[in-house]
Amino acid sequence: MAYQIKSEMYEGPFDLLLSLVSRQKIDIYDISLAGIADEYLEYIDSIQDLDLDISTEFLLVAATLLEIKAASLLPKKEEAYEEDEISPHEAREILIARLLEYKKFKNVAAELAARHEAESKYHLRDVGVEEEFKNLIPDFLAGVSRERMRKLFLAINDKKEIGLTQADHITPKPLSVEAFIDRVKLKLRGVKSTSFRDLTADCTEKVELITAFLAVLELYKQGIVDIGQAETFGDIMVIVADKSGVIA
Amino acid sequence: MSDTNVRLRGIVESLLFVSDQPLSVEKISEIVEVDGEEIKKVLEDLENEYKRADRGYQLREVAGGFRMNSHPAYSPYIEKLLISFDHRRLTQAALETLSIIAYKQPVTKADIGAIRGVNSDGVINTLLNRDLIKEEGKQDTPGQPILYGTSTRFMESFGMRSLAELPPLDEFNPDEDIRRQIEDNLRTQAVVE
Amino acid sequence: MSDTNVRLRGIVESLLFVSDQPLSVEKISEIVEVDGEEIKKVLEDLENEYKRADRGYQLREVAGGFRMNSHPAYSPYIEKLLISFDHRRLTQAALETLSIIAYKQPVTKADIGAIRGVNSDGVINTLLNRDLIKEEGKQDTPGQPILYGTSTRFMESFGMRSLAELPPLDEFNPDEDIRRQIEDNLRTQAVVE
């Protein structure tokens, strides 16, 4: 890549994608989705290097980008897609529509930010009721029981403890595409091919499946594996592409 | 000014001074037991008087009522006095979420997440805490998700008399440049018909 | 009045308007960076002007400095306004914060924020204004943060004679939901490698 993507934080996958898209010069004959998809993945990798947690939403958009990219590399007739299935073409249309919708509200946010800034110069009198009138304030606790207070307090304290359990005792490990690539390689060692289903037999979370899928696509990009699918909804086969037929 | 007028002005001013929320003409009229038209006249006079005499405070119409606030020209001094003042800027995430709620209300967390592309639960909690949004009941769909809308405080914080002062959403449509950039950059050779 | 004088009067007035404490001549002088004698003069002028013009508020010298308060002549109307205030129930955020203050008092804003996971300054102000909590002095740590506790009114609302009458916390066991949530969390972490 010609330049380093700064590891700044984005508000979400659409924010990231918009920023990547807007950064490109409008040289429409040179840049296409393939470049954007690569940059997107590079950003996700750079974040993982910083040991930050990548949310599922980022991976879902990555999967969409890769799906569209894969479709553009492996031409496939439109009619090959079932009626209730989203074709890469449709996926692209949906993605564009969602990006435009998101951008619209990002524009609103800029307007609101300016208004809020202007408004922050008007200070209100937040002084409360003068001492002599205090007995006139209505009873805002009418209908609230002591028991309710107790339950509220316990509920908050408990939420906090769960948070601590996560933060202090078991630091969640971010899922990295890199790690999954190693895992896939390991499983392919000594065999000519395997199915995606077998590769992901021990995955319990959706996000793990997506990460595994990204890993396989990355291996495909590097020319290490071939991908095949005999029929729609059939098992995706991952075939070792190396001449010797085995992964060292 | 006649004695009656001075007295009426004093009463209205005292109410505005102690109130921690905008006061509508109707509310003042009900408390003072004076016709609404007359109250409106007093409010206008006060508004002009404060402005003309360049006082430390102003009277403004916000969120469906009248409220006194400090003169914006003096805010640097006020900020020196009230170091703990609630001057926290809203984060980009908070502003995006607020924008969606303002225009799409009532909306669910899922609606907001769909537009922003990320889970927005944390931001929504922050906005609830800052009293900028409020719960507006539940949606009549499976799971009965909570519906959110903007609060009176939202209008006050953004200097609006009513939600009608929000510019039409169409004005924020991405411009042609951005549209083209998105279309072009997500272009694929094989898939395009 | 000269422009400089109008401006100085405006600044001093804006500070008095927003301040929740009496302001001393020294304090104002320090903020405005104008000599104390001159500030004293402005304060005297304001005091006289408000009185003469029979405004809705007054400036008075009380222990510790000058403060604005509503004009006593209009207190019947102010009382009517306060009684008519929306009897809105407190928000979930306000009740949560109140429960923390009730059980953990005295606590600082920072303590409350840490427990709730969000900045709670706005909610604390609301509770102060509703007279449900009060300041309980300052913590003897750097920055001397204010400590908060529940008010007499809080106890009256619950018909308690002392805080010892708050229901004890000890017999509590995490309910099934929470238990499952913890287990789920542990499981997910273990699987991801």
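Things worth noting here:
Order as written gives the chain letters A, B and C; numbering starts at 1 within each chain.
Methods note: a contact is a pair of C-beta atoms (placed from the backbone, for glycine too) under 8 Å apart; a residue touches a chain by one contact, two chains touch by 3 or more.
A quick note: this is a predicted structure, and the numbers were derived from the prediction, not measured.
Comparing mean CA positions across the assembly, the chain most remote from chain C is A. Put simply, the chain closest to the centre of the protein, by Cα centroids, is B. Each chain gets a centre from the mean of its Cα atoms; for chain A and chain B, those two points are 32 Å apart.
Chain B and chain C have Cα centroids separated by 22 Å.
For this pair, chain A with chain C, the centres built from the Cα atoms lie 41 Å apart. Residue positions 14, 17-19, 70, 78, 82, 116, 125, 129 of chain C are each in touch with at least two other chains. Across the assembly, chain A contributes 123-126, 128-130, 133 as residues in contact with two or more other chains. Partner chain B is touched in their complex by these residues of chain C: 6-7, 9-19, 23, 27, 31-32, 53-57, 68, 70-71, 73-74, 77-78, 80-82, 84, 86, 91-93, 116, 118-123, 125-126, 129.
Partner chain B is touched in their complex by these residues of chain A: 11-15, 18, 20-22, 24, 26, 28, 31-33, 35-36, 55, 57, 61, 68-69, 71-76, 78, 87-89, 92, 95-96, 98-113, 115-116, 118-126, 128-130, 133. Contact residues on chain A toward chain C in their complex (touch as defined above): 123-130, 132-134, 136-150, 152-154, 156-160, 162-163, 165-166, 170, 172-173, 175, 179, 204-205, 208. Chain C makes touch with chain A in their complex at residues 14, 17-20, 69-70, 75, 78-79, 82-83, 85, 87-90, 95-96, 98-100, 102-103, 115-117, 125, 128-132, 153-154, 157-158, 160, 165-167, 169, 172, 174, 178, 181-182, 185-186, 188-193.
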